[in-house]
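Below is one structure, written out as structure tokens; comments come after it.
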Amino acid sequence: MRRIDINCDLGEGFGIYRAAPDEHIFPLITSANIACGFHAGDPQTMRRCVELAVRHGVGIGAHPGTPDLAGFGRRAMELSDAELEAALIYQVGALEGMCRAAGTQIRHVKPHGWLYNAAATDARLAALIARTIQKLSPKWKLFGLAGSESISAAQAIGLPHVSEAFIDRAYEADGSLSHRSVAGSVITNPESAAQQCLAIVLQSSVKSVSGGEIHITAETLCVHGDNPNVLGILECVRERLAAHQIQVRPLD
Amino acid sequence: MRRIDINCDLGEGFGIYRAAPDEHIFPLITSANIACGFHAGDPQTMRRCVELAVRHGVGIGAHPGTPDLAGFGRRAMELSDAELEAALIYQVGALEGMCRAAGTQIRHVKPHGWLYNAAATDARLAALIARTIQKLSPKWKLFGLAGSESISAAQAIGLPHVSEAFIDRAYEADGSLSHRSVAGSVITNPESAAQQCLAIVLQSSVKSVSGGEIHITAETLCVHGDNPNVLGILECVRERLAAHQIQVRPLD
Amino acid sequence: MRRIDINCDLGEGFGIYRAAPDEHIFPLITSANIACGFHAGDPQTMRRCVELAVRHGVGIGAHPGTPDLAGFGRRAMELSDAELEAALIYQVGALEGMCRAAGTQIRHVKPHGWLYNAAATDARLAALIARTIQKLSPKWKLFGLAGSESISAAQAIGLPHVSEAFIDRAYEADGSLSHRSVAGSVITNPESAAQQCLAIVLQSSVKSVSGGEIHITAETLCVHGDNPNVLGILECVRERLAAHQIQVRPLD
Amino acid sequence: MRRIDINCDLGEGFGIYRAAPDEHIFPLITSANIACGFHAGDPQTMRRCVELAVRHGVGIGAHPGTPDLAGFGRRAMELSDAELEAALIYQVGALEGMCRAAGTQIRHVKPHGWLYNAAATDARLAALIARTIQKLSPKWKLFGLAGSESISAAQAIGLPHVSEAFIDRAYEADGSLSHRSVAGSVITNPESAAQQCLAIVLQSSVKSVSGGEIHITAETLCVHGDNPNVLGILECVRERLAAHQIQVRPLD
């Protein structure tokens, strides 16, 4: 029987602010990427997310970003290697502390926003991220864009890695994600998202915005927590996957 | 042969700012309380401090504070139990991440500023702090004001604890520290600090601002990193301790 | 013909976060209290709010808070007089800059959250706030809880002041607002809010949680932007006021 | 008699941190660029600087930066036009509030760090900055690198502008400042700074790091507050200027 992991970026609020209906998303996913306080997230939100993950048997991942609360970690920002390494260790360590206090542990790390996108094409940045995670634990898995430099960098040093595809984002012909500023870049229609999901899982293929087919092999599928229709998409996607006998199951 | 531990709050800068000549202090102390990014500190500074601690054989402690960079964690601030617990776990976890990346680990935790002072007299707050540290690791030692509620709270739950005395701060008759706003509350003269140090180590006693003697049994002595004369004090203190055959040695 | 001003706290988002549907609220109110970046708000949000206020003929007020983004300015926090004064001037000045760039100006100032509530009963704090506003402009009006120390402090120094009542918050018998942690303290039912509104405007009276009547004379009525039903309440309230020939009009 | 203005970036501390001995610098300069809270600075520091400026007859300038306290505003950062405009208005408005409360007003604006350097060569950014300042006041002067796009942009729209040269920074052959990461880029020797100062004032010329002469016409000279030898440089420079009958005087 085929199987797939579904992940979501969660805990991306701050103080009184919420970016997603976290407590309703947890029952529908198998991996959670939890914001660590730099681009979003705060200690209480992180702790609540870890507890929800434990309760729902969801794999816990760190979702570190740049020190950019005002820009939600989506903007380009000059960071020295030393600053970036230290920022990653700090954030991942903080989440591991939350896991420790809850009697569990981190399973994966997925960089956020600009960091994720930049590492997909910048081999030097990708290598730095992979090395930093390995220093913390050689067993943690790196989530990276399928076919990107992030995955190659993890492979190169023997760090466990998981290829990711997106079911609520449009793809460019070169396999990168359409920029958020482009109309249609975020897919909010559950049917369209479910269709993209099935194409990826069954045919290892996704249709790009220019019409061509892109080959993608993915072990985990991402839906964004701040997608305005996140719950509708997740329900529709799970229904379709079930109808095709594809099991939604956490990574080992 | 008698022995004593000397600790110092370090890494209390932020970005380009420095609060103390950290690199010159490390060779003179045996325990470092490293700021964790809330009242002061940033990831790069934390990392550098951990590396300096390893190089100089200094015991590493977390020095978590309130989310109050503007007030250096010295002001009273209303925090719910849940917020405080999560803030402590976050900060200590972040430092443990730095230790992990450097192949070492945390030995102790010492709350900062207002949190430290409030926990000295507030039994409920002291219990919350002790419980939170124990959740993270039952082996980490809590540093607390000798004779305070912090020490009692740790004792009550079987958390390792270390009684602390200050050699660069004046004491009130009730054993609390004179408030920083009071003239003379911070001792900057090396001779005076050394004298207070010897009185504590040899006679378990310190003279209060009102003239009387206070009984204090301490296993670690604190000098503040932001004391304008921190290096002069540390050098003088170590000389006097050596002259009295008292060994300055990390805690076991 | 009777008249009343309706005000709302707006611009209380930060970065990607929103606390209220600002653009839908502006057409329904006559005074806006715009967050200034400390408890909430950021430069772009402030600017957009000023532009919306100009477009809809809404009076512009500064809504300064404590430096507490994590706690939304609702927690008690120790602030020296000098720190509080400077924080008020900074925030109000920043909003006046936004007004200047848009060819308009500030009409009033309403402190936020803990600051507002503390000043209602603390005469010394109230005096400090009134004096600070007067230093910036002797013509700006202070919004304060009807019958509170805030209003007395403004009166005492000849600063224009506007007595405020709340139509979406429950009142205690002593005329203070029920604490947000108490169930029912925030009124979300439009009918109940409209009823409280009419009682205040027509009978200068409001029913407290303990059942008694409190006498309140108010020139402006507040609905909270982050009330989950803010639009429903505003529409209902305006309908009822119109039915009673009460004009909703900005203060002179 | 010849005359020159000497300016310095001040108020660049935050909370307990100080970047420069502000109170000793004010008597030695004629224009102060006061940090506005984004790259550095906080309300109390700003207020104290405004009061010192008034006491010493120093012209007050706003010194706005990017929202980057961690990087001291020195790093490249992606900012939309709308975000940058709003950030400038916010910061300059906040300082104007401080001036208003002290009965004085802003005379000039000098962008900080990366913003200053980027605007020197990026005509679009320079135009945006000039337009934004003009919206706030058509009388405020823009301080910009002599011969740079910043000055051209101000000229193009009729905004008053002041050409600036640096006496404690090395110049590249193209007239730009040597990057801070280059050894020798910051001049700390008072004699060398004084020599560079005299060359600029008397010969409108400065020697670049590659040995050639660059032509510079400047109306104001900058010394950095965080130069480790700022006081020594200022004293030496003033002595030499006096010896050459050059008056140090505020801009009109």
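As written, the chains take the letters A, B, C and D, and residue 1 is the first residue of each chain.
Here is the rule we go by: a residue touches a chain if its C-beta (ideal position, glycine included) is under 8 Å from a C-beta of that chain, and two chains touch if they have at least 3 such contacts.
Only a predicted model underlies this, so the values are computations on that prediction, with no experimental measurement involved.
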item	value
Most remote chain, CA-based centroid, reference being chain A	D
Pair joined by more contacting C-beta pairs (B-D or B-C)	B-D
Inter-centroid spacing, chain D versus chain B (mean Cα positions, whole Å)	40
Chain B-chain C separation of Cα centroids, rounded to whole Å	43
Residues of chain C touching at least two other chains	42, 70-71
Chain contact graph, described as a line, ring, star, complete graph or other shape	complete
In the complex with chain A, residue positions of chain B that touch it	37, 42-44, 46-47, 82-83, 85-87, 89-98, 100-101, 132, 135-137
Residues of chain D touching chain A in the complex	67, 70-71, 75-79, 83
Of chain B, residues touching chain D in the complex	13-17, 19, 42, 69-72, 226
